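There are two complexes below, and they share subunit A, which is joined by subunit B in the first and by subunit C in the second.
Up next, the complex of A and B:
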């Protein structure tokens, strides 16, 4: 019955507050021999599994570390601490056997800002495509792994809560968040409106 | 409870079929533009959902609801997308959408050799069977 994250989006679609709570870690470490039976590709400056799911490694997972050494984007460091391209490193037979850790990529701050903006427009389009009069935007989005509850205030600020799919209503929590925002963000004399809350 | 309208898109984004039953509001644009907007929204929504998800997804997006309606989404592995807009009091209708796909779409479009699956469906038989199917659903109003 977990809450995964809370987002506050300004009326212009900017992300003004975001916090993650106990996100489940999806990570798998395994020893591989040559040749690798996974198809990897570089996507968005990350090395991603493109094909070949096995032992908990799923398509979309990124390479997090090789032999315990964390991977920096698409580059890794070998024993001599020399920067190498991950794909090149993985294609060299002499480097095997090696330990590779795969996992779901975590959202970077930039990605979070982008997703907030994306939700802002999706919210508007959902109300525009409504078959019924006077519709609001998305209030509840359901998927198999999470539920997204959104609440827009009269002033256009959106409070978004991402939870476990088993949770039903988050109305009280959303209202309470609004209260807290009104009391502790807006009443702070050093806070300028529509700017990130610190 | 009521059913408003249905959209069926193929994987390329062509609207194969559109039909409405109790739609109250127009979107204020041409139908072609509306199809593009709907497909674009779903495409973004799918990408949004897959990135926001805390764990790995299998089915992905299933529905969203606003204060006035609920959009139910079903996608087959071949990329065919079925969108059924209903009243927001309707529960999870994933199985119904799957039935609609297997008992109506596969039977009267895929098995019809003169139905081109890249073009909007013109088959009168499909039209009437789909209408019959939707009208038999428990959440279609009797009026």
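Up next, the complex of A and C:
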């Protein structure tokens, strides 16, 4: 019955508030010996699994750390703290056995801002697609791993809640969020409207 | 923060005297700072506007009211719900223009002016002008461009306080998707 995250999007499509709650952590750590039986590739400055799903390591997972050392983008550091290309490091037999942690990386702030803007547009498109006049935009977006509930106020601010797919209606929660926003953001004299809430 | 503690109880009710006195001191300060009544009126309107664009969210969140489809509905909600909620009074809606785009709010007991007498040298001062600004700001946030001004004022010797609202246009380009 979990709520994964809450987003507030301003009337212009800017992300003004975002908070993650108990997001399920997807991380798998395993010891590997040479040669590595996973196919890895560099995608979007990250090293991701391209083929060879096994033991909970799925295609699309990113290499998060090697031997406990966090991976920075496509580079990692060896014992001597020398920066190395991850793929090169993984192809060197002398480095084995090694512990590699795979998982889904968290969204960066920039990615969140981008997604919020994109949702804003999708919402507008959805209301345009309607055969009837005056259709609201997206209120509920359902997938097999989460549900997204959205509520737009008369002034154009969007409240978005991402929850477990088992949850049905979040109307009350969204209304309550609006009240909290009205109380704690807008009644703060040092908060300027449409700016991120800190 | 106190509201969170006492949820369910209406803690919004504070002494109207405290409110009136606080407002009085704002006006008194403005009278000190500016020489012209017009300038004071303008400042009060600006302050009201800034209140309005914030208070509308509070109003919508708490009242759960939907979008108005005509100006008469807007007038009803302003007088019966909004004024009731924030000032504890219910002004009378009258003097509709034949085109239905102008009306007046009649206020008999303005809580802001409880202990006020206008001095002779401030005959142009609209003491409660902040209300005009607040209404203008709040309506602008729900995409209604409205002019608001004082027609009569009890402080100036009229029998009643009358605020006039004129609907100018809908702000179409500010409409959120799905509302146009």
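Just so it is clear, the second predicted complex is superposed on the first by the 198 of 198 C-alpha atoms of A that agree within 3 Å, B and C clash if a C-alpha of one lies under 4 Å from a C-alpha of the other, contacts with A are read in each partner's own complex, and residues count from 1 in each chain.
The rule we apply is simple: contacts are C-beta pairs under 8 Å (C-beta built on N, C-alpha and C of every residue); 3 or more make two chains touch, one makes a residue touch a chain.
Not measured: the values here are computed from a predicted model.
A.B. asks: With the two complexes overlaid on their shared chain, look at subunit A and say whether subunit B and subunit C clash or fit.
C.D. replies: With subunit A aligned, subunit B clears subunit C, so fit.
A.B. asks: Taking CA centres, what is the subunit B/subunit A/subunit C angle in steps of 10 degrees?
C.D. replies: It is 90 degrees after superposition, to the nearest 10.
A.B. asks: Just subunit B (first), just subunit C (second), both, or neither: which does A:111 touch?
C.D. replies: A:111: touches subunit B, not subunit C.
A.B. asks: Just subunit B (first), just subunit C (second), both, or neither: which does A:135 touch?
C.D. replies: Touch partners of A:135: subunit B and subunit C.
A.B. asks: Based on the superposed arrangement, let me know which partner A:64 touches: subunit B (first), subunit C (second), both, or neither?
C.D. replies: neither
A.B. asks: Is A:154 contacted by the first partner subunit B, the second partner subunit C, both or neither?
C.D. replies: After superposition on chain A, A:154 lies in contact with subunit C alone.
A.B. asks: Does the superposition put A:119 against subunit B (first), subunit C (second), both, or neither?
C.D. replies: first
A.B. asks: If you count the residues of subunit A that each partner touches, which comes out higher, subunit B or subunit C?
C.D. replies: On the superposition, B touches more of the residues of subunit A.
A.B. asks: Could you look at A:178 and tell me whether it touches subunit B, subunit C, both or neither (first, second, both, neither)?
C.D. replies: second
A.B. asks: Between subunit B (first) and subunit C (second), which does A:144 come into contact with in this model arrangement: first, second, both, or neither?
C.D. replies: first
A.B. asks: Could you tell me if A:127 is touching subunit B, subunit C, both of them or neither one (first, second, both, neither)?
C.D. replies: After superposing on A, A:127 lies in contact with both subunit B and subunit C.
A.B. asks: Once you lay one complex on the other using chain A, what is the shortest C-alpha distance from subunit B to subunit C, in Å?
C.D. replies: For subunit B and subunit C in the superposition, the minimum C-alpha gap reads 9 Å.
A.B. asks: Using the superposition on chain A as set up above, list the residues of subunit A that contact both subunit B and subunit C.
C.D. replies: In the superposed arrangement, which is not itself an observed complex, subunit A uses residues 127-128, 134-137 for both subunit B and subunit C.
A.B. asks: Can you list the subunit C residues touching subunit A in their complex?
C.D. replies: These residues of subunit C touch subunit A: 3, 53-54, 56-58, 60-62, 64, 66-67, 141-142, 174-180.
A.B. asks: Under the touch definition given earlier, write down the residues of subunit A that touch subunit C in their complex.
C.D. replies: Subunit A residues touching subunit C: 11, 123-124, 127-128, 134-137, 152-157, 175, 178-179, 181-183, 186-187, 193.
A.B. asks: What residues on subunit A touch subunit B, complex-wise?
C.D. replies: Residue positions touching the partner: 4-5, 23-24, 26, 58, 60, 104, 107, 111, 115, 118-119, 121-122, 125-146, 148, 162.
A.B. asks: Mind listing the subunit B positions that touch subunit A in their complex?
C.D. replies: Touching subunit A: residues 4-5, 20, 22-25, 27, 34, 37-38, 40-41, 44-45, 48-69, 71, 85 of subunit B.
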